[in-house]
Structure formats: C-alpha cells, structure tokens
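Just below sit the structures, each encoded as structure tokens.
Shared between the two complexes below is subunit A, which has subunit B as its partner in the first and subunit C in the second.
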Partner chain A sequence: MSIVAEMPSKNFELLSKDGDGELLEIAMGPHHPSTHGVFRMDVVLDGERVVKLKPVFGYLHRNHEKIAEGTTYLGSMPYTDRLDYFCSLTNNWAYALAVEKLAGLQVPERAEYIRVITAELTRLQNHACLMGFLVQDMGASGTPLMYAFREREKILDLFESLTGARMMCNYMRFGGCRCDLPAGWLDGAKKVVAETPRFIDEFEALLAGNEILMARTQNVGAMSRELAINASITGPMLRAAGVNYDLRKVDRYGIYDRFQFKVPLGDHGDTYDRYMVRVLEMRETVKILEQALAGISDGPIIDPKAKLRGFRPKVGEAYGRIEAPKGELGFYLISDGGPNPYRYRVRPPSLINLTVLEDLCLGQLVADVVVILGSVDIVLGEVDR
Partner chain B sequence: MSDTFDQIFVSLKHWLLGYLPVWSQPVISCLLSIAVIIVAFATLFAITTWLERKGLARIQNRYGPNRAGIPLTNISLFGLGQPAADGIKALTKEDIVPFAADKLVHFFAPVVLVIPVLLSYAVLPIGRNMVAVDMDAGLLFFFAVGAATELSVFMAGWSSRNKYALLGAMRAIAQMVSYEIPLILSSVSVIMMVGSLSTVKIVEAQSTYHGLLPDWFVFTPWGFAGFILFMISALAESNRSPFDLPEGESEIVAGYFIEYSGFKFALFFLAEYLGMFAISGLGITLFLGGWHAPFAWLTWIPSWAWFFIKLVTLVLILIWIRGTVPRLRMDQLMNFAWKFMLPMALLNLVGVAIWHFMTPGLPRWLVGFALVVGPYLLLGRGLMAGKNLAKRTYRFAE
Partner chain C sequence: METLEQIKARIEVAIPGASATIIPNDSPSAQRSLLVDCGHGLAVAKFLRDDAELKLDYCSNATGVDWPEAELTEKFKVKQVVDGVEKEVEELKKTLRPGYLEAVYHLYSMAKKHGPVIIRLRTENRTDKNHLPSLTPVWRGCEFQEREIFDLYGIVFDGHPDLRRILMWDGFKDFPMRRDYVEPDDYEYEPTPHDDVLLKSKQHGEQESKV
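And then the complex of A and B:
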C-alpha cells in the first residue's frame, strides 16, 4: 500500500513536471471539517500546490425533485425548506413565485412586504454566517463564527416567533403567507435591524483590514468576468467578479422596485472581493429592511382565490426565480392539470457556483482550497438535493 | 520570614535528604526534583486546559465548561472538574491504531515527544536556588532537547500512513526548523550580554533594580525586540495559532496526530502544552527577569510564585492570540521566518553588540532604539510593499 500516488491514473491527465514529479492524491471529504457538509474534493497535490481538483457531490442526494413530482404542490413547500437549510424562507419564496406564475395568483401587498422582510432577514443571517465560516476556515478558532451566530440567533428568534420554527420555516403559501405577523413582531424586527449596522462595523473593523485575512484572501481564487458569465455563476460571487446582475434589480419581482438600494460590485473577483461584496450587501439589505419595515401596512396576507386543498393549476409551465442569498434560485414547473407537478426542477445556485471550483483552485495551495470553497458559499442540502 | 517562604521547597528537600544515607542523597535529590517538576507542570497543564477553554469561550461569547465539578454533588466550581473528566475520558477511550500503520513507531512517537519536553525543564530556574541542574551550557541543552521534538512529529506523521498526517508532518518539520533559527538567534542576544549560557547566571544578571523598573532585558530596545522575536518563534515552535499549520484543523484535519486517539492523543496534547510552558519559561528566564519580582518592594512574594505568575500571564496572552488571529498560509509562514524574523534577529545582534560597548546614557538608548525601529520599519514596509495588500473601495450599481 503506497501513500504517495504513483504516476497519476489516466483520468488525471497530468503535466510532466520539472521536479521529481511525485504527486499526492488526497480525497478531501466527505468527512472533512471544512467541506461544509458531505462533499468531497479529489485533489492532486504537488507538495501543497493543487494541480488537479475534482469536486464529487451527491452524498446528500435525497431525490428532492422526483419526490416533489409525486406529491401535491403544497406538499413540496416544507420540503423546499430542506434545500438550503440556512435560508428556508427564500426557498419558500422562489417556489411560491413559480407556482403563483403557474396558477396566476396575485399576492396582497402586506404579504409582499412580509416576504421582502423575511427574505432580507434571511440574507442578513446567511451572509453573517458565511463571513464567520470563511474566517473559521482560515483558522480563526471559531471567534468570528460565534460573533456571527450571536447575530443569527436574534434573527432566528424572529423567525421562530413568526413561523414557529427557527430554520425549517415553511412559511410562504401560494398567493401569500401562512399567518400574519404576531403582535410586536415588527418592533422586534426593527430593533434587530437597528442593531445590525453595529455588528457589521465591528466585524469589518476586526477583520476587513486584518493583514493575515488580506494576505489569505486577496488575489486568491480570482475569477474573471468571462468565466463567471460563461459558467452562469450568480449571486454575490458573480457580482464580486464585477458583473452587475442582481435579480432584485433585473426582474424586480415582488415589490423590489419600491425600495432604494444599490448593488455592490467587486473588481478582482478574488476571495476578498467575494467576502467584501457580501459585507456591503448586508449594509444594503439593512436599507431595504428599514424601508420595508416603515412601509408595511395592514391588509390581507393571502390571495382569497388561492386554494389550499384541491389545488390544481391549469396546464402550462412556469419558471420562478429570485435572488436568494447564494445566487439565482429558480423553480421550473410543468403542470398537466393534476394535483402534483408533471415536472419539477430546481436551479440551485450552490451547485452551479460550485462547478467552477477547479478553475479557482488550480495552482493554489491546499490551505487556499478550503478558503475558496468557503467563499463560494455552498449548502450541501441544495447542491445534492 | 519571606526568606523562609521563598526557600520553603529547598529547605524541605534538604530536611528530607538529611534523614537519608549520604550515598543515596544525589539520586534521591534528583528524583525529588523530577517529581516536583512533573507534578507542578502537569497540574499547570490541567489548569491551563481549563483556562484556555474558559478564556476562548469568553472571547467567543460563550461560557465554556461549567458543569463538571465535584463528582456526585451539584457543586460545579466553574467547571474546574473538566480537566479530570477529560483525563478520564482520554484514558478510557479506545486506542485505535490504523491497520497500515507502522505500529512500533506509531506507539513510540508520543512518548518520544513527551520525554525531551520534560527534559528541557531541567535547566529552567523556577525560583531562587530552584533549578534541577545548573548546567554551564544550560541554554544549549534546552535547545538541543527542544529540537528532538521534531523527530517525534515526523515519526507520528510518517508512521500513521495517512496523507493528512504526512502533510502535517511536512509542515511541522519545515515550520519548526525555520523558526528555531530566529528563536536561537534572539536568545543569543541575551547570551552576548550576559556572557554565559547558564540559565541561572542569566537570571542573576537581571536581579538589580533601576529606579522604578527592574533591570530586565525586555526593558532595553534590543531586549524588547528580542523578546517579541522570541515569543513569535515560540508560538511557531509550540504550534500555536496563528502558526498552527501542522494541525491546521480546517485544512488537514488534525495534521500529524490525526490517527491518534485516546491517551496517545492526550500525550500529544500534553507535550504541546508542556512545550509551550517550557518555552514561555525560557522567555521569562531570558527576558523577563526569571523569578525576580518586577518591583523592589514586591520581593517579599516568593520567587517561585513570581515565576508562575509570569508564566500564567504569558499563557493567557497566548490564549488571547489564539482566540483572535486567523492562520497564516505555508508560504507566508516561510516568508515571514526567512525574510523578516531572521534578518531582524541578526540585526538585533548588532544592536546588542553596540549597546554592550556604549556607555550608559541617553545616546545609548537612542542608538539602540534606532537600531530596532529602523530595520523594523524598513523590513516591514519593504516586504508589505511588494504584496499589494490593501483595503479596497467598491463601486455600486444603482
């Protein structure tokens, strides 16, 4: 049994090397502390430098799409929570949006406001956790992660009092939301939102100018504009590469055209940009939340035409997409008039953003691989479905 | 009275030895010293694991261990029972040896790690007249046995037959060899000043008081620079954050001891902490006046207490660093060692020499200060300039 890989096997077509050419083949994962779940990278190392990287996923495959084709439209709603389990509310929204397009349902104004508020809160906690995890991957022994989790707890408390669940919210319904805001919820949300800029400032003061963090992230895992567009990368990762594409601006779904906010763009496309774009995005999210919390008015929270039982949208197809915290989350549905979709397809941003991992990692050190992977922001529930 | 307290352990030993036949006295004396060192530092290790978990937890908005206390009661004592619980856990855990491992080397690696670490305590003066062996070449002995730990790290990494272990061992060797040079060079500055390799003589040289401050070497420009260089290298030598690449939990899982479980793992842990204490103790001996009190009016506190107060303070600083700093990358670590630490340590030697031959007074301070700050600024600026690291500004789309 040899631990040093002999000359590479055929599927690793390897470069003739100047040195002695001994390469080390390592399977990073599926049980590795930094793969954010059960994900594997087959890495070929020259010393510590990556010469080949093959992402292997599917360990968490749960047959999500096929199951959804066998169950009712509404029955899939709680199941979408489990896709990206950090952001169940945005998953709900994307699915609801697709079904609403299919069935031609209108969402009342109050419900639209609630959707914006919950989705942006989701974005806040997702980005906060990502920053924490990313610095954790750089070896900061958990301190930034705990700071991020402290903020996340406040937002999860809000989710809990609204939906009854902290992570698996199952809150949106076709044509609206499941239940109205409890008394005092808006004040609680305002308080959380008002505290957030202080947290972002603290995080930025401690980390954004840290020399080790800059040395570990700047010019590491840079992605060009062209590659980002060609690989159909979306979300903060695409914007870090300098492409101005935010579905909240492009599609203006829901009521996003009512809010004033800007889209931060990076110029280098490296890990530092991916990190900072998320920080800046959190600041913009706070602006949206402030406007939404001020503008929300009373009214119904669900389209009265929407049926919960015996829901059968007319024959047709629809694609609903939103700007989820990780990128474009889309649901594609084909209805044959029955109680369950004929075809149900998810466009998971995590999976598609992950496909360029090898391009980002080649020539970097093994320590950079985990940092680059962390900056892609994946959740394996969504990658594998 | 204060002398009695100060010398209580020494007098106790002499009193005990007085009851023994003369021929056995040297051997028993040695054994007693060994027993005291092992017990004292193992206790410190237990307390430090608790302190570290508590300290890190407080840095991270957590409570840390707060349940384990006195068994069978509800008294939790701020979780002080945790070290005992951890020890029992480590002892009762299954000891797994990988099928493909080189079993003999795999077994001996943790043992080979602990022994040199313990040996290095022999030359540490932990109080007045309290040093196990007052060797003329004490410092040399310390570094010699300290270098032996590298062997065991590679034994562990190689014998485990694990790729992560191999990577970790590679990293560990590269890192420890690189940082040993600035470590020793920064100590050489003290040797040049004192003119002796004996740790006891080095402590004696720092015994006087000068106005408010004691004559510790850390209160001179070269000594301050040497102390900082020494402690940075000490961090790297003891594989502590931000130089914990050999473990690199988020990258190579646990590095060279990935395949160790149960008490063998605990031995690695023990050796790491004992190594940290030993090297901090040496830092105290070289730069912080050893067991001397910081102020003349505090000399009534026993000398051994001062040593441990200083040691725990240094350990707390190391815990603080661990809780706040991200890890460097391998190439950055090497660059830092060879391009910054090594030239700084060498220039510091020049600084010591000039300090040694100038007459005391303001000019000496100015020259010494210039010889530290100048190279620091030039080297630091020069190295950072090539890297283009900076905070960035971002553009926004409407």
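And then the complex of A and C:
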C-alpha cells in the first residue's frame, strides 16, 4: 500500500484519463505470451487506443541465409524445418521446388502425391492450432486450444511414422522424397482425414457463432483489398481481404491441377474473416486430401537423375514458391556452379504479412492488438530467420 | 505475358533516358531478369505497376546480392600459326569485374495472374556509392525487405520511409551478409569484474599444480 502512495501522482494522471491527448509508450514483448515467441511491439497509446505501433524484430535472428551459403544444398534441408517450425513439410517442399527449378529435376508422380498429402496435413494442423491460439488470446483459456492440439496430435503421429520426427521432419529431397510410405500409413491417414470434418463441425459449433468471439473479432483490424495487394500480403490473410490469389490455383505447382477444390474468400478483411477463411480452407483441404489419398499409385519416389552427393547445379538462378499455410513461401537461389548456393534467400510470409500490422492496429484498443497479431499467424522462427 | 524483350522495348519507349539490359540465365529455370539503371529505377517500377498490359501490382520478393571484386577468366580459341601450320589455341582472358551490390525484385501480377518479371538494380561500388532508389513508395511490401537489405548488405535506399536496422541491433556496425564479412570472436563480449576473478583462479590453479 505504502509503495503506491509514494509514487508521483503524475503517472496516474496519464493512466486514468481516457483519450486526453497524453500519450503512454509501452513495450509489448519480447516476453509477452501473446506475441507467440520473442517479438516486441513498441506501442504508443492515447488512453486505450493505439496511435502508433512499431514492430521490433531480430530476437531469434541467426542469419539462416548466411549459414546456408556455407553449406551444401542438401545441408540446408534440415535447417528449413526450423524456419516455420509448425510447418516443416511445406518448408521442405518450397526449398525442394526452388532447387528442382534450378537443376531441372522431375518429381515422380508418387512423390508428388506424397508431397500434396503431407503438405495438406500440415495445413490442417497449422490452421487448427492457429484457431486454438487465437481463441486462447481472446481469453478462452484451454478448451479450444486443447481440442485443436488433440487433432494436431493425430497428424503429428502420422508424420512421426513417416519421417521419424514429429516436427522437424526433414523429409523431402531434391527430385522426390526421402523414403516411401510405411505399410498401413495410407489407411491411418484416411482415418484421420475422415475424422477431421467432425472436428471442424465441433469447433465451428463451439465458436463461430459465439457472441464474445464475434464481438472481439468483427470489424477489428480490417484491411482493404488495395492495401493487402500493395503490401504483398499473402495466404489466408490476403484472401480474407477478398483477393482471389492462391498459388495452388495460380501456379498449379506439383499436381494441384488434378484436384477439385475452392478458394474461400472474405468480404471485410477483418479478424473474423481471417478466422473464418481458415476454417473454410480446412474444409477444402479435407477435400484435396480425400482425392489425393484415393488417387495415389505405386511408383518411384525420387528422380533417378537426382544426386545426393556431389550435387552441383549449373550457373544460374531460380525462384520457387508455394502456398504455405501462412502465405507465399519462396526460395531464391543463385548458383555459381559450386556445391554451395552463392545466394540463398527465404521469402518469409510471416515477416512480410507484418508490414500492415501498424495499419491494422491504429485506432484499435490495446487488447485488440493481441487478437489482430494472433490472426496474422506468425512464427518467429520464420520472421527472424 | 509479354516476353522480356518486349517489356524492355516498351520501358525504353515509355521512359525517356531509361536503359534496361537483359541478364541471361542458362539454368533450367530460365528465369531471365532485367537490369535497370538506378537513375530511372523508381520510374520503371511505377511503369511496371501501372501499365495496363503488365499490371505487376505485387512485389513478391526483394533481396540483396553481394558481388565483390573478382577476377573472371574467359576461355576463347584463337587461330595461330605455329611452325607454318595454322592451329587453334586456347587462350585465357582475364578481366577484373568491379565489385557491386545488387537488389533483386520478383514481381507478379495478382490482377492478371502472371509473372515473374525480375528486375535488378546495381550500385556503383560496395563502399561509398551504395545508394539505390527505394521501391517502397511503389510496392509497400518492400518496406521490411529493403530494411533487411540495408541491414545485412548495406545498400542505402533513397526515399525509404523508415530505413533502420531490422534484424541486427541498432548499434551494430558491419553488414553480415556480405561475402567478406568476418565474424567477431564473441558478439557480446564486454569486460566484466568476473574476468579478474577468472584470471586469478587460473593463476591460482597453475601455482597449485606446480606444488
């Protein structure tokens, strides 16, 4: 009690009056639980309203790109797992795709199917977890997140039996995949996929019409279509703003042209749309998985021309990109003919999607910053690299 | 989409004085790029974004590349008369390539769903003439990526709204992604009182071992 009484009264004036023009600067993070990692936002508040917000990066920076320049092409593959550690298989795929473009490798059909199946399973668990985390950030402690993690557990079990690791899968290789599916894996995957719609229904019944969720997300952090395009926003966040741009449809990389699925779009670009686009995307993902699991056939899983040792692509450069769960993940490689890449660049969707964070948060309540950041869907391993 | 030759020709017509060079790419990806002169970089970027045919409204990737000064060797065959007989002899020609820094932009169109068009901007050298025009006013998506290039390569982007270090801390001096960057032994070394204690204990240990 006595400590409070001794504090100068001026500080309390700043805090007590709402919107009186006196500004308060606070640092949210780097150890704030809502930042999903070590990430800081320097926020300036007028009352409870945000008038300025500057994101501060670099707490997890280890210069992934420099390390990759000092190792072989294949040596970077396990390192890509650590970028967005929720989605190691899509990271593997994006890197493999860029190297395949650089070296002109052809991926056999079975490997393409395995890639689609694993990538879409990754998308399912990423979106499930994101929804769990987002609702957790709003104060629904525990239950929804545990439901999401229960679902993720089943998918991680599949990854473990396929690759030997639950999160750091290190599974794809240039021109194919590392190993074939173990016996009975497809049946296990079919079972998980068949159960998923029930989980999505349950999750939606629990949350989509929830009054608190709607009050906390609708009209919060709205983004216009034009801003989204100009600021290079990608992934579900872009589609929530109403822009129809999904690389699975635009680039049709891999064998995505064989599957029937729709691209869900939002109307308002607010947090609720970003949430709902992901729910709908999960339903479409289930459709792709059902088709892929039915269509997979036997065959080789790696291009016979692909060399694991002594791999030296010709001089040149290539940019390969895929639709990762968080947005467009691209790899830009320059080869000088040696065993190491001359330049290795990761285009991180998490970092670039944060470009508009300040625009989304201006004028919002400080409590909504947490929700808006949660709906952007970042992983700091990828933001800082 | 138009070929790179057509885009180059249209740029040179639309923007007087601008020059563009096609950089070949012999790898199987065959993604060729367009080297734009820095003086007209911003105008070219605006043209590419606003042109009705191209509509490159989306800058996917912006990144830096360091090309230090290097000696390039070229092999070519020369006809020489040796002992009265004409022969083809291989000769090596050495040229010194001056060092420069490069910014590479991968552009796509969300409206027309085509791409990529790759443009490159080069600085004059790696030391003092390391300025390039910022393309953030054209594509805001470059904001953090250009900051990253500035941070890791040391290219100064003129016209960038907020050019600060992004991944390294503010007091950091060097540019870690350059090819000739040398890591310090310990990034966070500061002399502490503990150093004396360590030294003492080491000396103490040496005396003990002598006894």
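Note that in this section the second predicted complex is superposed on the first by the 365 of 385 C-alpha atoms of A that agree within 3 Å, B and C clash if a C-alpha of one lies under 4 Å from a C-alpha of the other, contacts with A are read in each partner's own complex, and residues count from 1 in each chain.
Everything below uses one rule, namely that contacts are C-beta pairs under 8 Å (C-beta built on N, C-alpha and C of every residue); 3 or more make two chains touch, one makes a residue touch a chain.
As the structure is a prediction and not an experimental result, all values here were calculated from the model.
*Asks:* Based on the shared subunit A superposition, would you classify subunit B and subunit C as clashing or fitting together?
*Replies:* fit
*Asks:* Looking at the overlay, does A:G209 come into contact with subunit B only (first), subunit C only (second), both, or neither?
*Replies:* Only subunit B is touched by A:G209; subunit C is not.
*Asks:* Who touches more of subunit A, subunit B or subunit C?
*Replies:* Touching more residues of subunit A than the other partner does is B.
*Asks:* After superposition on the shared chain, which partner residues are touched by A:L354: those of subunit B (first), subunit C (second), both, or neither?
*Replies:* Once the two structures are laid over each other on A, A:L354 reaches subunit C alone.
*Asks:* Tell me the contact category for A:R198 with respect to subunit B and subunit C: first, second, both or neither.
*Replies:* neither
*Asks:* Quick check for you: in the superposed arrangement, does A:V277 touch first (subunit B), second (subunit C), both or neither?
*Replies:* A:V277: touches subunit B, not subunit C.
*Asks:* A:K305 in the overlay: touching subunit B, subunit C, both, or neither? Say first, second, both or neither.
*Replies:* Neither subunit B nor subunit C is touched by A:K305.
*Asks:* Shortest C-alpha to C-alpha distance from subunit B to subunit C once the two structures are superposed, in angstrom?
*Replies:* 14
*Asks:* Residues of subunit C touching subunit A in their complex?
*Replies:* 25-29, 31, 33, 57-61, 63, 65, 104, 106, 110, 113, 116, 118, 139-145, 152, 165-169, 176-177
*Asks:* Which residues of subunit B touch subunit A in their complex?
*Replies:* 56, 59-62, 100, 161-164, 166-167, 171, 241-242, 244-245, 248-253, 322-332, 384, 387-392, 394-398
*Asks:* Which of the residues in subunit A come into contact with subunit B in the complex?
*Replies:* 1, 3, 24-26, 32-34, 45, 48, 135-143, 146-147, 150, 208-216, 218-219, 244, 246, 249, 262-268, 272-273, 276-277, 280, 365-370
*Asks:* Using the touch definition up top, name the residues of subunit A that touch subunit C in the complex.
*Replies:* Touch residues, subunit A against subunit C: 57-58, 61, 63, 65-66, 101-104, 227, 229-233, 243, 245, 250, 313-319, 321, 328, 330, 332, 334-335, 343, 345, 347, 351-352, 354-355, 384-385.
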